[in-house]
Amino acid sequence: MKKVFKDADAALDGTLFDGMLIAAGGFGLCGIPELLIAAIKKAGTKNLTVASNNCGVDGFGLGQLLDTRQIKKMMSSYVGENAEFMRQFLSKELEVEFNPQGTLAERMRAGGAGIPGFYTKTGVGTIIAEGKEHKDFNGETYILERGIVADLSIVKAWKADPSGNLVFRKTARNFNPPAATCGKICVAEVEEIVPLGSLDPDTIHTPGIYVHRIIQGEHEKRIEQRTTRKREAA
Amino acid sequence: MAWDRNQMAARAAQELQDGWYVNLGIGIPTLVANYIPKGVEVTLQSENGMLGMGPFPFEGEEDADLINAGKQTVTELPQTAFFDSSQSFAMIRGGKIAMAILGAMEVAENGDLANWMIPGKLVKGMGGAMDLVAGVGRVVVVMDHTNKAGESKVLKSCSLPLTGKAVVDRIISNLGVLDVVPGGLKIVELADGVTEAELRAATEANIVN
Amino acid sequence: MKKVFKDADAALDGTLFDGMLIAAGGFGLCGIPELLIAAIKKAGTKNLTVASNNCGVDGFGLGQLLDTRQIKKMMSSYVGENAEFMRQFLSKELEVEFNPQGTLAERMRAGGAGIPGFYTKTGVGTIIAEGKEHKDFNGETYILERGIVADLSIVKAWKADPSGNLVFRKTARNFNPPAATCGKICVAEVEEIVPLGSLDPDTIHTPGIYVHRIIQGEHEKRIEQRTTRKREAA
Amino acid sequence: MAWDRNQMAARAAQELQDGWYVNLGIGIPTLVANYIPKGVEVTLQSENGMLGMGPFPFEGEEDADLINAGKQTVTELPQTAFFDSSQSFAMIRGGKIAMAILGAMEVAENGDLANWMIPGKLVKGMGGAMDLVAGVGRVVVVMDHTNKAGESKVLKSCSLPLTGKAVVDRIISNLGVLDVVPGGLKIVELADGVTEAELRAATEANIVN
């Protein structure tokens, strides 16, 4: 049971194929699997459908896979921090399926939890509900949303142990845990692989059972909106 | 005369009650945090996965792993808890957030809200807005009463694709405060120096007494 | 926003009424809200429906509420470690709705997450599926299960801070987090209330938003099956 | 001659593959942990909320907060992770557990399993058994081939209420090993000193070649 791989190329070896569905963690540029995305770019896998809340920015994160035209379709809640995305989207080269953010997160969680469908109030009465089954519970109307099962999940954590237990840091957790659960294979990139036994078993966010391959690497961790306040003079 | 952005935010802050968990949208709603009344303790939720959102960091103390739903760098507080996005929207959908204060493009007299897309224009997506309006206990909209062309944004029915159907409880605009009630909107308060006639003139929606 | 109460009686004050639905955390006797159960016994609230994986043992845990005939119905996956339970069950004085363990946990989680119904393969083709809606997804049959929303949740955690953030210890976590989410009101009993700011925000299991009232107290923490091994001679 | 409880457990342990996450039921399946082959690393899941279940504690080191699904005190290992019951069954239902090894009252030739209730007798509940058989990758049943009256427990169809429909992949009994295949059961192996005729005589289910 060797889960630790030497780099992103090695960790993705044998997992990629044209037309596949990839679930990616991250919110904006926070907690995105930078190294695995770059390796998918290098591998040149085509016609990807990517379930990810956002699609990176020009030249960084998933935005890189737009430059190379590797993405056929995005399943996202918010996109377009990205000129190339908008160009492809408006010219219909790129397909976008908009999902409410919570619906997208829950669809990933459901897919990983063996739940093929669940009912939610989110989106009832909007274009999101069009074509979806409606059902009343206790006098209120809900719509049926489907679990997402991806061919591959790519996630970014703070620390891992060699058994694949993952710990995330602050809001970089975001979509990573649900994304990790919904892939038939999950590859995780982390800032540090720590020795077995050094993570407190009460504080593990994603148990190792979900994680098949791990790499350690350097992360740029780019900040999208650097907002600060001034220190008041003493 | 009417309220400016900060006055609208200050008025919206009056909606907050001690002990509430609240989600503030982007734009004017973000400013509400600056006007929380003394003695009212409110915990801010950020839908990417945080309860207890603090102010922007001091320069040089930004942390790439610590951002809000607007992707801005923020800070944590002593009561802060982090969680994943499925948990975050579980609490939103599950009705655990007492109130969301959001911006809007249009609101209709039945509480319909449109704030995410304009057909033919750039569509960026709804983010968490549909989840929020469907799930939270109370939805307060803060917005200008009219658009740049002077047309009412408070309508009989929305012309834009909806974010949620019959979800808005209260509108706080530059002209005043209106509640969604059976039959239409009810004037709760006029902004400083605004007459009821002015408010009515700027409102397409039916106003009930 | 005062969440800390002086004892179980005070914390439950105003939350109890005859015929109510209570969701309780715990698995076997591990991680059960001992003090709150004892206070409900004292309060004498009647005709309770209790959603809890098990029903305690004679005279301890939820078993205490059987002695006083306060429970009308149990929603559980495994019961009967308990002579009085079996007597009431066999004589039909006590109603039992059996739920597969994972379905029960997910029903609590769903109820707390605004999901009124979800589909699962668990129980298809068994008596559990009788009378439930069946639906095919991708050629497989699933049944519809409903979210549970309780009038009150009672849970037991290891530590809390005054804002209600909870941390559990080892397998005493079990049903407590999903139970905490599904109550209109949630009361938590803990071994220790620690100062605000002393819990690492990355390690909180149940964020304070779910928890309305907290008490600190002494716990018996009875062991149901004490199994050990012998040390080999050195 | 036939296999005893420990021999059945040892045979069941041969089913395990390196790197697998496995759930062991109560009774003989629990003994399987004693026979995991050298070089095969298996992580045991306990459905109350634990991955990486260790052996029973030394006397005096029992921890009331650390039990398995059978409510027995256990210990943790360096790779242990704890989680709540909804997460635990999310991984079970989601197919993340490679194999469950369970006891049975009856198994049918189509893989139907009955192991939770006898009508008219004390019903204690199914616990996590229905979730396990519905969710895990492979279900192996370990049981005596016949009941105390000498009647086959390997049947054309189950007489007892089912735990799961067409869920069993392999049966390991005191008499041998059988796989559920199209049309019935296929003999994989005979227990020490058991003849095929003996196995067939003790089996009501259809045996295919």
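A, B, C and D are the chain letters, set down in written order, and residue numbers restart from 1 in every chain.
One rule holds in what follows: a residue touches a chain if its C-beta (ideal position, glycine included) is under 8 Å from a C-beta of that chain, and two chains touch if they have at least 3 such contacts.
Remember, predicted model here, so these are calculated numbers, not experimental data.
Engineer: Can you tell me which pair among A-B, B-C or A-D shares over half of its residue-numbered contact pairs with C-D?
Structural biologist: The C-D interface is reproduced by A-B.
Engineer: Which chain pair is joined by more contacting C-beta pairs, B-C or A-B?
Structural biologist: So, comparing the two chain pairs, more contacts are at A-B.
Engineer: Could you find the chain whose CA centre sits the greatest distance from that of subunit B?
Structural biologist: D
Engineer: Quick one: subunit A and subunit B, Cα centre-to-centre, how many Å?
Structural biologist: The computed centroid separation for subunit A versus subunit B comes out at 27 Å.
Engineer: What is the distance in Å between the mean C-alpha positions of subunit A and subunit D?
Structural biologist: The mean C-alpha positions of subunit A and subunit D differ by 35 Å.
Engineer: Which integer distance in Å separates the CA centroid of subunit A from that of subunit C?
Structural biologist: The separation of the two C-alpha centroids amounts to 32 Å.
Engineer: What are the residues of subunit D that contact at least two other chains?
Structural biologist: 76, 82-83, 89-90, 92-93, 134-135 - these are the residues of subunit D that touch more than one other chain.
Engineer: Quick check: what residues of subunit C touch more than one other chain, meaning two or more?
Structural biologist: Within subunit C, residues 106, 109, 113-115, 120-121, 168-170, 173, 201-202 contact more than one other chain.
Engineer: Would you please name all pairs of chains that touch?
Structural biologist: Here the touching pairs of chains are A-B, A-C, A-D, B-C, C-D.
Engineer: Under the touch definition given earlier, write down the residues of subunit A that touch subunit D in their complex.
Structural biologist: 1, 109, 111-115, 161, 163, 165, 181, 196-197, 201-202, 204, 207-210
Engineer: Taking the complex as given, what residues does subunit D use to touch subunit A?
Structural biologist: Touching subunit A from subunit D are residues 18-19, 21, 41, 43, 45, 51-52, 76, 78-83, 87, 89-97, 134-135.
Engineer: In their complex, what parts of subunit D are in touch with subunit C?
Structural biologist: Its residues touching subunit C are 46-50, 55-68, 70-74, 76, 82-86, 88-90, 92-93, 112, 122-131, 134-135, 161-166.
Engineer: Which of the residues in subunit A end up touching subunit C in this complex?
Structural biologist: My answer: residues 106, 110, 113-121, 135, 137-138, 140, 142, 146, 167-170, 173, 200-203.
Engineer: Note which residues of subunit C are touching subunit D in the complex, please.
Structural biologist: Listed in rising order, the residues of subunit C that touch subunit D are 27-31, 53, 76-80, 86, 90, 96, 98, 100-103, 105-106, 108-109, 120-128, 158, 168-178, 205, 221-231.
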